[in-house]
Each structure stands twice: as C-alpha cells, then as structure tokens.
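Following are the structures in question.
Same chain, two partners: chain A is paired with chain B first, then with chain C.
Coming up: the complex of A and B.
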C-alpha cells in the first residue's frame, strides 16, 4: 500500500511529513518506557521480519495482489509505540534503498501504515483481548480480526489524503469503495500471517509477546499457554 | 528456547522468506496500485494510453537509480538471484537499523536479565 510520488499533491504530502514526524516523535517518547534489554532486540527482529513478509505479495483477485502491512503483528509482539516505529523503520528503508513508496509520499505512507495502522491495531487488540477466550485460538482470532479491520482503516487514511490532495477529479466514494473492498481481502491474508506468527511466538516464548504481558493479567497469560 | 536462539531462528526465517520465497510472490499490482490504475487503459509496456485514473500523475522515484531499487541488485541479471540478494540485504539492513535504534532508546537497568 505504498503511495508513489505525484498521486497526492505537494502541499498535502508536506503536511503529512509533519504529521509523520510529530507522530514518530511521540512514539519514540512513549517507546522508551517499553524498551528494555529484552524488548529492544525483539523489536529489531520484528522490523526485519515485517520487511521480509512485505516482499511476499499474495494474489487476492485476478490481477490484484497485496502484502502484509504489519501493524497488528507489530503491536501484538512489541506494543503500539515500538510497533509503529518498527513499521516506520521498514517504510524508511524501503523508500530510501529500494525506491518503494515515493520520497515525497513518505509522510503519507508512514501516517497510513505505521501510525494509523498501529493505532487501529492497538485499540482493536486491546479491546478484543478483553472479550475473546484466553487461549491460543483467542490470540489467533484477535490477530485475524484486528488485521482485517486495521488494514481497511489504514487504507481509508489514503482515501482521506486523496480527498485532500488528489491530483485528479475522480469520485472519492468510488475510490473508497475499491480501496475498502480489496483491502478487506488483503487484510484476511495479513490476518492469517499475523495469527500464525503470533501464535507460534506465543507457544515458543510467551514472554516475548507484548499482548500477553500488557493487555491482560499476567496470571491468565501463564494459564493460557502452560 | 533461549532468547539468543530465538532471535537467530527468527532472523533465519526472515532471511529465508526474503531471500527465497520472495521470488514466488505475486507480480500483480497491489491493492493501492490496482485502485490507482482503475479508469485508465494500458498498453503492453504498461504505459497509460487513455482514461482518467489516480496513477496518471504518478512521478518517478527520486532514488530510482539506487543499487537496490525495485528489489533488485544493480548488475545482477538473474531475476531469482537479484530478488533474493536484495531481500537478504533488506532484512539485514532493517535489523541493523531497527535493532540499533531500539537498543539506543532502551531503558538502562542495573543487572536486568
């Protein structure tokens, strides 16, 4: 879901560079509270893993593919603030070294995939883990549902940006419908990848799953995966 | 599994995905590109031939000539090798930058496990 140069006009792209810088600065400030000797290397691994999985475009319709954005996966493994920074790190590396996602559009892309993606995922995951059964199936279902909703919400970030600074006169409603439709399908693919990954990590090293340590009582987390 | 072993295993999985599995990824436009191309017609060289779509004003990437641009490696003609090598480079660079940044940001504790 990387926006290329020229899709959204210069002034709106510039505004979102400011939005991205402010958002990331806030995340750095809050991430310091979460980051300790245990989380820091795990967060580096999560960023590298998201980079790898973003290369794996899967077909969702004839002629349409999608790839994981990583917001839900990152939030569940390393928390919302560190998670947003993981996705932003991937986007910056992709833009500067791989010419993926316009340099002018970097603020837009960070806003959609890192900031909106992680914020939506955080709210969804924290809410879902209050109601879903406290077992690996519940953790997997949380990853799946939060991914589908999170990806669609992130794609609506683009629609808003295009409504503000689009370079054509196309109907915003039609763009929103297309974006929501294909990103629901992409979200299902993302959700399956996120669910498999989170459940696998939870079985091997439950102490490395942020969602199990912070989004509910630790006693329950132990009971779940014992 | 010890934490160090977990990190190494995780990194190996990422390297395998980016280095090998990536060559089998779909080449179709992703969801946003698909939406951006809707309304235009394209010729065999993927150039816009008519219609109105978001992609018609798309500009070149400022860093399109960089050695790893478009997930390839400048000078490597074999597509499988170029994609795989760029993936491996990307995973290692992302781990180094991300891991380094998070390591610098972490709370320093005395005698923390």
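Coming up: the complex of A and C.
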C-alpha cells in the first residue's frame, strides 16, 4: 500500500525525501560496482519484471485476488543495491504515471519499500543462508522468512514515520498492531511465491541468483587439478 | 509505449513541455499539503483550480473520478478516524463522533484527493516518453532516468510474455485458482525472470556493439521556453495565493 499525500506532515516528508535521496545515491554507487555499465539495461529489465509481476493478479480465495510486491524476490535475485534501485524506479513510475502514492510522500514510500525493505530482507537472506541447509528446501525457507520479515519491517517504517509526523491522533500501538497483522498475511503469500520462484531459478540458472554467489564452486579449477 | 492513463487529446495543457508540468504539479501538491486543515475555503479554491485545468486539458470529470478510486484504501482509513479518535465528541445522527477524528478524516480525504487528481491530470496529458525527458531536463540523475527508460520500453514486452505463458498454461488445462495451487504461478514467475534477465543481457550486448559507453545519447528537442514556465506557474501561484488569502482572512 502506497502512502498518499497528507497522511504524514510536511517537515517529516521533507526529511524522508533527503533520506531516500542519500540512500539511493549509495545504492547507485554500490550497484555500479556490481554491474558497471551493464547497470541501466539490467536494472531496467528487472524493474520491468517487477512491474509485470505486479500486474499478474492471483486468486487467493474466490473474489479476493492479491499480487506480488516483488521486493524480496528482486533482492535475492539481483542483490540489495540493484534490487532497491529497481523497487525505487517502480515506485517513481507508479507515482508519476499511475497516481499511486502521493508526490510529497514519495520519499516516505521509497524509504520504506525500497531502502528498509531491501536492507531487512537482504540481511536476513545473508544470515539465514549460512545457518540453513544448503539445498532447495533451505533456499525456499530463506525466501519465505525474509519475505515475511521484509514486508512487516517495511510497514513498521510507516509506523515510525507516522509517530514522527502523523496528521491525526490515533494510538501508535493500534496502528502498529494493524499494520503488522495485515502485512504478515501479505508477507506469507508473497513469501510462498518468492520461495518457489527463487528455487525454480536456482535449479535452472544458479549463476543468476545473487544470494548464492558465495556458494559457487570453482568447477574449472577443480577439473584442471584433477 | 503509452501508459494506460494517457488521454490523447489536443489541448494547450497537452502541448506544454513535460518539465514545466511536473514542476507545477509538484509545487501545487506541496501547497495543498502544507495548508492547515481548518481552511475549508482554501480547499474549495484548490478544487476549482483543478476543475479549470481539467477543462483546459479536455479531461472528462467522469474519467478523473473513476481513476481517483486508487486512493480508496486511505479513504477507508479516514472513515474509521471519527469513530476511533480521542478527545471532545459530537452527536450526529445518533452516533458519537470525535471532533479530532473528523478533522483528521477531512485532512486525509481533502489532501489525498487533490493530490491524486493533480497527478492524474499530469499522467493524462503527458506521454511516458515525455515524462522521462522532463525528468532528465530537471537534472534527475541519469542512472534513474535510464533505468526508467529501459523499464518503460520493455514493460509491454514482458507483460505480453507473462500473458502468453498464462494462456499456454490455461490451454493445457491448468488454472490455479486458490492459494494452495500457487506453485504453477510461481514457477511461471521464475521462467519470466529468466527470460527478462537473458533479454537484458542480449540488449546490453546489442548496445555495446553499437558503441554504448555507459550513457545514452542526448535526445533531440529543446527545453521549455520561458513563456511555458510563466504559463504553468499560474497553477502553483494561484494555489499559493488562495492559501495566503485564507490564512490572512
């Protein structure tokens, strides 16, 4: 859910625009280390992929359909920096072309979904992959847990912003509980899809899963030694 | 590609350069958001301004209202506020409503709706390509505009890919309808990612072989003349005027 204009007051929105710009600048710098001049075409295609995936509705129950947000999926497949850039691009396009999310709330939305979401998901992915067994089930469990946690933590970003500059007086506890509840449900659906998707890609092209890059075995070197 | 919200009309607003429209909408939205919520007359004035721009751009009211439903989740939040709010309460139709909550609901509803309407007018009068050109002329970092260019360029291609895969699945008699049938859907997403990423690699190699060195060539077309900036400044200046008058009155 994208924050609209007027939910959070002006000064706090302005502060988070600065946070978003600084965060994205850092992501651009790190993403260029990952992809150098391939950055624009690759990140653009991944952003289009996230957007296309968001357009596919999936029936959860008769009459109720949901769609994927794609943040954790992008982070696992292309890494935290390129992933955050792609999600931020999707948010800017949705704001300007589809009027989804307020123009003055763009900084808030980018901070929550692109920066906090990607950072939380990637830290969890990096940690869990060390602990869990290195097989498809372990990879799937990692994607599931990171998705649920990533979505809920991103929604807590909104709670913090609301506590700082909310324009209405609702108890923060109630908002935090509602947001956590709704987003846990969203996160579980998101996590199931992300888990199966990542496992599918890992079976066919494990070299394309960024999260697995530390587990590559130097096949060639071994063959030469043997 | 054209976005689904673009209305291809011939109007003075459509002819304006994209960068002046982006700046005008941004400034207008900022004025709306910083206006104190008690200034009801000011919000009425903003609504009149939006109506004037919509009439100039020949965007029908029904079209705007139908697409403004995108902010419904936040309107629902606004409906809850008068019941859940604290403090002084008033009786209305036998219901006890919080005064603070009513103000809060009005605040979200008025500012949210005006913001969505302004954004919709921008999207209706500007093509996707022009929007990116506008952002580029406003000195938006070229990494972002380039990623956006690729994203917008390939969005239709990937959406068509996804649609073809879905039809192929349906044609073979599989139609995942419930959450416990999610596997086929997710495997399809995995295949879509592989296609997107491999297409990205092909596109990159094709660009390299045509001399790409990390930056797209500068697009033709002149930046907006001063007259357009003056013309488009009418919207933010008028809204700021309304805000100042309402505050002084």
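The rule is simple: the second predicted complex is superposed on the first by the 189 of 226 C-alpha atoms of A that agree within 3 Å, B and C clash if a C-alpha of one lies under 4 Å from a C-alpha of the other, contacts with A are read in each partner's own complex, and residues count from 1 in each chain.
We adopt the following convention: contacts are C-beta pairs under 8 Å (C-beta built on N, C-alpha and C of every residue); 3 or more make two chains touch, one makes a residue touch a chain.
Not measured: the values here are computed from a predicted model.
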item: Contacts of A:182 with chain B and chain C, given as first, second, both or neither; value: first
item: Which of chain B and chain C A:4 touches, first, second, both or neither; value: both
item: First (chain B), second (chain C), both or neither touched by A:33; value: first
item: Which superposed partner A:155 touches (first chain B, second chain C, both, neither); value: first
item: Touching partner for A:193 - first (chain B), second (chain C), both, neither; value: second
item: Contacts of A:97 with chain B and chain C, given as first, second, both or neither; value: both
item: Partner chain in contact with A:172 - chain B first, chain C second, else both or neither; value: neither
item: Touched partner set for A:49, first chain B, second chain C, both or neither; value: both
item: First (chain B), second (chain C), both or neither touched by A:77; value: second
item: Contact residues of chain A, present in both the chain B and the chain C interface; value: 1, 4-7, 28, 36-49, 51-53, 55-56, 58-60, 85-86, 89-90, 93, 95-100, 102-104, 167-170, 204-205, 208
item: Residue ranges of chain C in contact with chain A within the complex; value: 3-5, 22, 25-26, 29-30, 32-34, 37, 67-68, 70-71, 73-74, 81, 84-87, 100-101, 103-105, 107-108, 110-112, 114-116, 118-120, 122-123, 128, 131, 141, 143-144, 146-155, 157-159, 161-162, 166, 176-179, 182-183, 185-187, 189-194, 196-197, 199-201, 203-204, 207, 212-214, 216
item: Contact set on chain A toward chain C in their complex; value: 1, 4-7, 9-10, 13, 24-25, 28, 36-49, 51-53, 55-56, 58-62, 68, 73, 77, 85-86, 88-90, 92-93, 95-100, 102-104, 167-170, 174, 189, 192-201, 204-205, 208
item: Sites on chain B touched by chain A in the complex; value: 1, 3, 6-7, 10-11, 13-15, 17-18, 21-22, 25-32, 34-36, 38-39, 52-64, 66, 68-71, 83, 86-87, 90-103, 105-107, 109, 112-113
item: Complex contacts: residues of chain A adjacent to chain B; value: 1-7, 28, 31-33, 35-53, 55-60, 63-67, 82, 85-86, 89-90, 93-100, 102-104, 155, 158, 162, 166-170, 175, 178-179, 182-183, 185-186, 204-205, 208
